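Next up: the structures, one after another.
Consider the two complexes below, in which chain A is the common component and chain B and chain C are the respective partners.
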Partner chain A sequence: MKMKKIVFTLLLLFGQLYAMERESTLKLYHHLFRHLFHKEVISVYVEDREYQKVFASSPFIRLVPYLKDADFVMITSDRVLEEVQKRKLSSKTILFATKYKYLEASKRIIGAFYWRKSRSQYLFLQDRLNEHNISLPAGYSKFILDEL
Partner chain B sequence: MRKHFEKGTILFIVILFGIAGYLQLSIVKSTQKLRGEELVKTEQYAQKIATLIRQKTDNTILETLEKNRGVREDLNKILEAFLTKQFIYMFVLYQDANGHFRFLLDGSLKKEEKAAFKEIFIPKSNKFVEAYTTGKMQIIEQKKVGDTEDIWMTILYPILVDGKTEALLSLELSSTYANYLNTFNSPLMRIVHWMQLFLLVSMIMLIFLAYRYYHLNHSLTIDKTTAYTKYYINNFFSKKKITEYNAFLVDIDEFKDINKKYGYAFGDKLIKMFVQRMKNKLIYGSKIVASGGAEFLIFLPKTTHDFKTLTEAFYKEIKTIPYELDGHTLYLQVSMSALRISSESKLYSDVQRVLDEHLMLVKNKGKNHLKIIDDSENDKLKYGNLDYIKEAISERRICCLYQPIVDITQDKTVKYEALVRMIDRDDTSKIVSPYYFLYAIKDTSQYIKMSKMVLEDVFGTLEKYPTVQISMNLDLNDLYNAHLMEMIDKYLKKCQKISKRITFEIVEDRDIFDYEKVNAIFGQLRKYGSKVAIDDFGSGYANYAYLTKLDVDILKIDGSLIGTLLTFPERSKMILHSIKELAERLKLEVIAEFVENEEICEILKEIGITYAQGYHFGRPAPIDHYIK
Partner chain C sequence: MHISKILILFVGFLLGSVLQASEVERLLSDYNYKNDLSQKTIDENKGHLVLYTREKLERMHAKTLKDVFMTTPVIYYHENRYALPDPLASGAFEPYRSNFVRLYIDGVEITQGWMGSGLALYGDMNIDFVDHIEFYYAVPSFETSVEPAYLTIFVYSKDPKRDSGGKLTLLQGSRGYSTQSISYGEEREAYSYRYNLSHTDAKRTKIDNGTDHPLSRDFERTQLFGYIKTENQIAHVQVMKKNTDSLAGLSLDATPLVSTVDYLNLHIDYGITFNAHWHAQFAYEWLKRDILQFDDLPLLYPGESPFNRLDAVTKNSTYSAELTYKNRRGRHHIVAGLKGRKKILDGFSVKVGERLPLDFSQESILSAFFQDQYVLSEAELLTLGIEYSNIYRDAGINSDNLWQLRLGYIFASDTWSYKAYIYRTMFALDPFNRQVSRYNTGSVSPQTTRGLTQELSYMQDSYRARVMLLFMKDEDGLVQNMGEGETQYFFGVFNYDYAFDIDNKINLQLYYARYKDIGPIDKLEDYSGYVSFSNTYEKFDFYNAVVWHQNSIDHTHYFDVTSSLSWNASENLTLTLKGQNLLDRAKETSLFRVSPTTGDLLQPLSISPVDRRVTLEMEYTF
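Presenting the complex of A and B:
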């Protein structure tokens, strides 16, 4: 009985660590959404399974299956980038990338969150934010670049 | 034994901790040495790479790399070549006019990991800026948890041209490599890890055992009423002296009725409340022991406060203030006995016995009452102690005193009753009555030893004084004691002439059911001419029925019948007359006990009783006192 308790506690501990990582990612996006939109629930289009799992647990995010329904599109692959470029999305739809190269590929993408040399990289481009009339609070200033 | 084991265990664990600590320190030193060596090597690599970059770009690093894609690719390949399992990342940055770091070169092998030329890089550490601005190599020890957990150390090597930082070479040693280096310490580390594991398991087990011990001890020491258990108090008094305490015995009267009326759950709660109230009222250091049902034995440390006042206040508090529980208001009836424990008491069980006896008296007299036991009862504690009696027997502090039995018609002593006494250990002038000690040794080997001493004394006296007659007491139970009877028989047989001068007074504390056997034993006693008397005739078990079935020689009239001669003279005389006449018809002698004055003696003469015994004729004393 006691052994079961110990195993259960260890599982809970590992699960907790995993949950903490997901929690911090979700927190980052929640924070961003709060400044990008004035809505309670944000419609997000994301193809990546991992991101889907992370977002699915949020009461403030609604995952949508079509690009046209999304407030926020995450460019996680070349295919999504192509789709976005092909379709005429609403100017209100905000595009966000998970790779640096997509930032270079499309000027509609306002920023990106990705990993480089084991370090998280969080970037926004000032001119692209301006185009969407987005002004981020001072806390974001160190992540905002004038140019790529 | 247990203490030695505990000390040994603690010493063993301390030694293991010491060894583990020493080995850990050795590993730390060895790791630091390896780290230092790696840093030196890495710096040498960095120098070589930096020189190569400078050479390939003719000291115009940014400009050349911007313009010449071929040089860029060549240098990237060189960096790739340096990427072994030692280095996880190797890249070159420069700081743009806005202060942002951007990639110039990246030695990553995988395409998706490779940063684009001039791709922005946001470092987490300020050391990048520091290395760039100061032109001095910086080392970043990466955290073992978080984003950079796969990096062990980052070495930031500024590439200087004319003393100015043109680019920053970053060499990142992998955690895998750190682990690989640690394998050099692995045999030692394995030992340390096993020791640490062992210590950890030991500690967990010790904590677990301590936890179990606490629970077990708690369940053994604390009763469900929240009072202490007898187990606890036994242990407690094996370390503490009982003489430092006074004691109460408290019992809630008719608690069964409360349980019956309100239920057991209510009863349990009430009893806890009762215990709590006692705790609140008792002085610090008091011990409340659950001694069964709703009875509690309390030991309270002696203080300068008056015992009687303290006891009465306590009794009042627990009894007179109502108990409010579950919407009911109850006034409890409480019986209590209290004892000031003397400095000579030893056993808590003796204290409990005295308290018990007095609580029983309280209960017999209608309950709901407090009895503060007289200090003289402490003698019972002292002299009732088996060890004390044992010591007295072994030191032959057991003796017989003799009280004369007088023929009142001739005013002449005809016999003496031998009465057993114990001499106090510390004060030899103090003679202790059997009331205090006889009960304690009943049914023990000490009783036989004592009986033997009495027999020796009696037979010795009879031998010394050839005209003297002596009567001695025998308990009914003594008659059934084969060992004792054998001993008496041996004495009687051995000294047959003397035997004729002995009377055995039989005292009963219970009814006789097998008269045949008792008669047979009487026959055995009378075989050598001794007489048998029934003691305390007319009271308790010694009644007329005996006379129909037992073959005796003498009736000793119970003292209570003599005592009433002055208070209820007419009826008492009538009863004594009838006993005397009956005895005459049965040809039995009659002896009146407890004759304390001349007035009683005269009445007895009037009635026609010949023999009498009591303080009027003499108190129990050594035989020499009466026979000069």
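Presenting the complex of A and C:
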């Protein structure tokens, strides 16, 4: 049985509050990637350091330093959103956001995973999925909206 | 009968609304739970944890720390005769009782200096800025405590990483109760910041005292919280202005003609992490109290000659500093540090009345601690802590030398966990009690408390169960009992949380306490229970909860029923209708009274700190 890492508790940093839990985050994204892509290793562009740390530990994710090389771009800041809007990315590149407002800002973004009212929110837009010929399984239907 | 019907309805609704969770929902549920628990603030070695996650606070629609306190075992929520949050208040004439409970915001203690615990003013603060709250039972790890405590409350503010942008909250309640609150947080490249400004005009139920002047505990509070932080530095500022009607105040028979105390508090702190080993923290706090008490008979006061009017202003400052060192050597994780605190009574000016009899104005505390956490195996930890504190006071009052010892064992697997602590701790009388109680002007021995605590928990994907047992015994108790024996306490807490799916959850808590030789009572037993249902159906959130209390003194069953219904009208707008203490049967405690003329005990007043109230709230995020 895999033991809880008490050692983790001992490595507490002074005063640091926010930390993303690696295992559950990866499970969630691995599950999504399996249904978005038909390849074993996904190239992901993400600027956020917390996400970088989490994704770096996955054998199925390769972090890339340039937007043009990514299969999946995570829009985690206004700056990345601006970059994405300025550049001409491949139509195969999938854009995904970590804030609701980015979904409103760009119609190229297929969905978002974000916090609202202290609960994580998963959201996809049907017409944007259709544009990418993406068909998510029934388990996602609760999280797919026709429009914003 | 009403309660059982309501419970049946709730359970029926709950079961009816349960859906078969999909794999995606299970992954999300797991993500939510583990990310709530992965906050790096949670430290297994701080004690026995009762956690209010961000999601739970949101579902409870907890707007103040008081809303949370009402469901916390062992202490729950009480107010004293000055209408201040004082969970350990006995209803007698002590100035403040809850000095054993300490409050921290983002790891920095909020201390009201002369008053002792930060709960006095912040115990019912607005918590719109709060991410989650951790209650640690048993003597805490010495890393965090400048002064001894056996319950520590850690409130952590929201991080712009998760909660960027703003939120406006407008709340209107029955009897004219209203709150307005605005928050904003943002993460920039090099720093992040958050602020929250709130205003509450609390119109509360009056307490009939048999005169034409019923007791009032209305208050008006304006509160500012803000921080700015970088990777390794953080600075907070907090200001609270609270004008209160102070219930019975200094009136011995609880029939004041005027009873008000206005508070103005400032707290600032700064913390810096130099590297992986060294951390320093500084805090300053200032508190001003404007006191106006007037009765037709002599007031409760330690002065030489009786008088019936007090119009005074007090000011005090508290300076705190700490330096902490952490390191790992093989299986040892060592933490050591030095902490200092100085409490100064800056002024006590009396316009009408009499000065305090004790010329006491400074208290200094210097503490040194050492703690080793030894990793026995990947799942087992042994912890040993020792702390020495010297408390020096001016005006020739005795100094105190306090020793704290703590030994603990922790086991944790994916499903089971077990914790046990044995400790010996010492508490000194706080300055406020020393100054305003005529019985404490001389030398007062520190209290020694010995304790043994244990906790066993089991968790699976959908449920978690936990049993917590605490036993404590006092020697030289600061709160003297009337009998010959030393006060002994036993507490047992059972928690069971079950998640039907991501939207439907139930929380159950049972609590039993047995006290021996406490105050004038030889034996006291206290029972309570708490059950809550949280449900989401499409755009609606439901929260229904009952807190039940009973004790061996009056055998009365008290029920505090809370219900809320939220409509998430859009991504940015939520409307909530909430009712608290709907049956008007929440727990009541006695407020003791004495005749100022004869000294005879009068019939105590029975008062609930929880008002029956219905509120309508609008939340708008931007």
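Simple rule for what comes next: the second predicted complex is superposed on the first by the 128 of 148 C-alpha atoms of A that agree within 3 Å, B and C clash if a C-alpha of one lies under 4 Å from a C-alpha of the other, contacts with A are read in each partner's own complex, and residues count from 1 in each chain.
We take it that a residue touches a chain if its C-beta (ideal position, glycine included) is under 8 Å from a C-beta of that chain, and two chains touch if they have at least 3 such contacts.
Everything quoted here is computed from the prediction, not taken from an experiment.
Student: Looking at A:S118, would you say it contacts chain B, chain C, both, or neither? Reply first, second, both or neither.
Tutor: both
Student: So in the superposed three-chain picture, is A:A138 touching just chain B, just chain C, both, or none of them (first/second/both/neither)?
Tutor: Second partner only.
Student: In the overlay, work out which of chain B or chain C sits against more residues of chain A.
Tutor: Counting residues of chain A touched by each partner, the higher count goes to C.
Student: After lining up the shared chain so the two structures overlap, which partner does A:S24 touch, if you call chain B first and chain C second: first, second, both or neither?
Tutor: In the superposed model, A:S24 contacts chain C only, not chain B.
Student: Looking at A:E50 after the superposition, I want to know if it touches chain B, chain C, both of them or none. Which is it: first, second, both, neither?
Tutor: second
Student: Looking at A:D146, would you say it contacts chain B, chain C, both, or neither? Reply first, second, both or neither.
Tutor: first
Student: Which parts of chain A are touched by chain B and by chain C alike?
Tutor: 100-101, 115-120, 122, 142-143
Student: Going by the contact rule at the top, pick out the chain A residues touching chain C in the complex.
Tutor: Where chain A meets chain C, its residues are 1-7, 9-21, 23-25, 27-28, 31, 50, 99-101, 115-120, 122, 138-140, 142-143.
Student: Which residues of chain B touch chain A once you look at their complex with the stated criterion?
Tutor: Touch residues, chain B against chain A: 88-89, 91, 98, 100, 115-116, 119-124, 147-151, 172.
Student: For chain C, which residues are in contact with chain A within the complex?
Tutor: Against chain A, chain C makes touches at 22-25, 27-28, 30-35, 37-45, 53-55, 57-58, 106-107, 131, 156-157, 159, 161-165, 234, 271, 273, 276, 279, 324, 326, 328, 333, 373, 375, 377-381, 410, 412-415, 417, 568, 571, 574, 621.
Student: Note which residues of chain A are touching chain B in the complex, please.
Tutor: It comes out as residues 100-101, 104, 115-123, 142-143, 145-146, 148.
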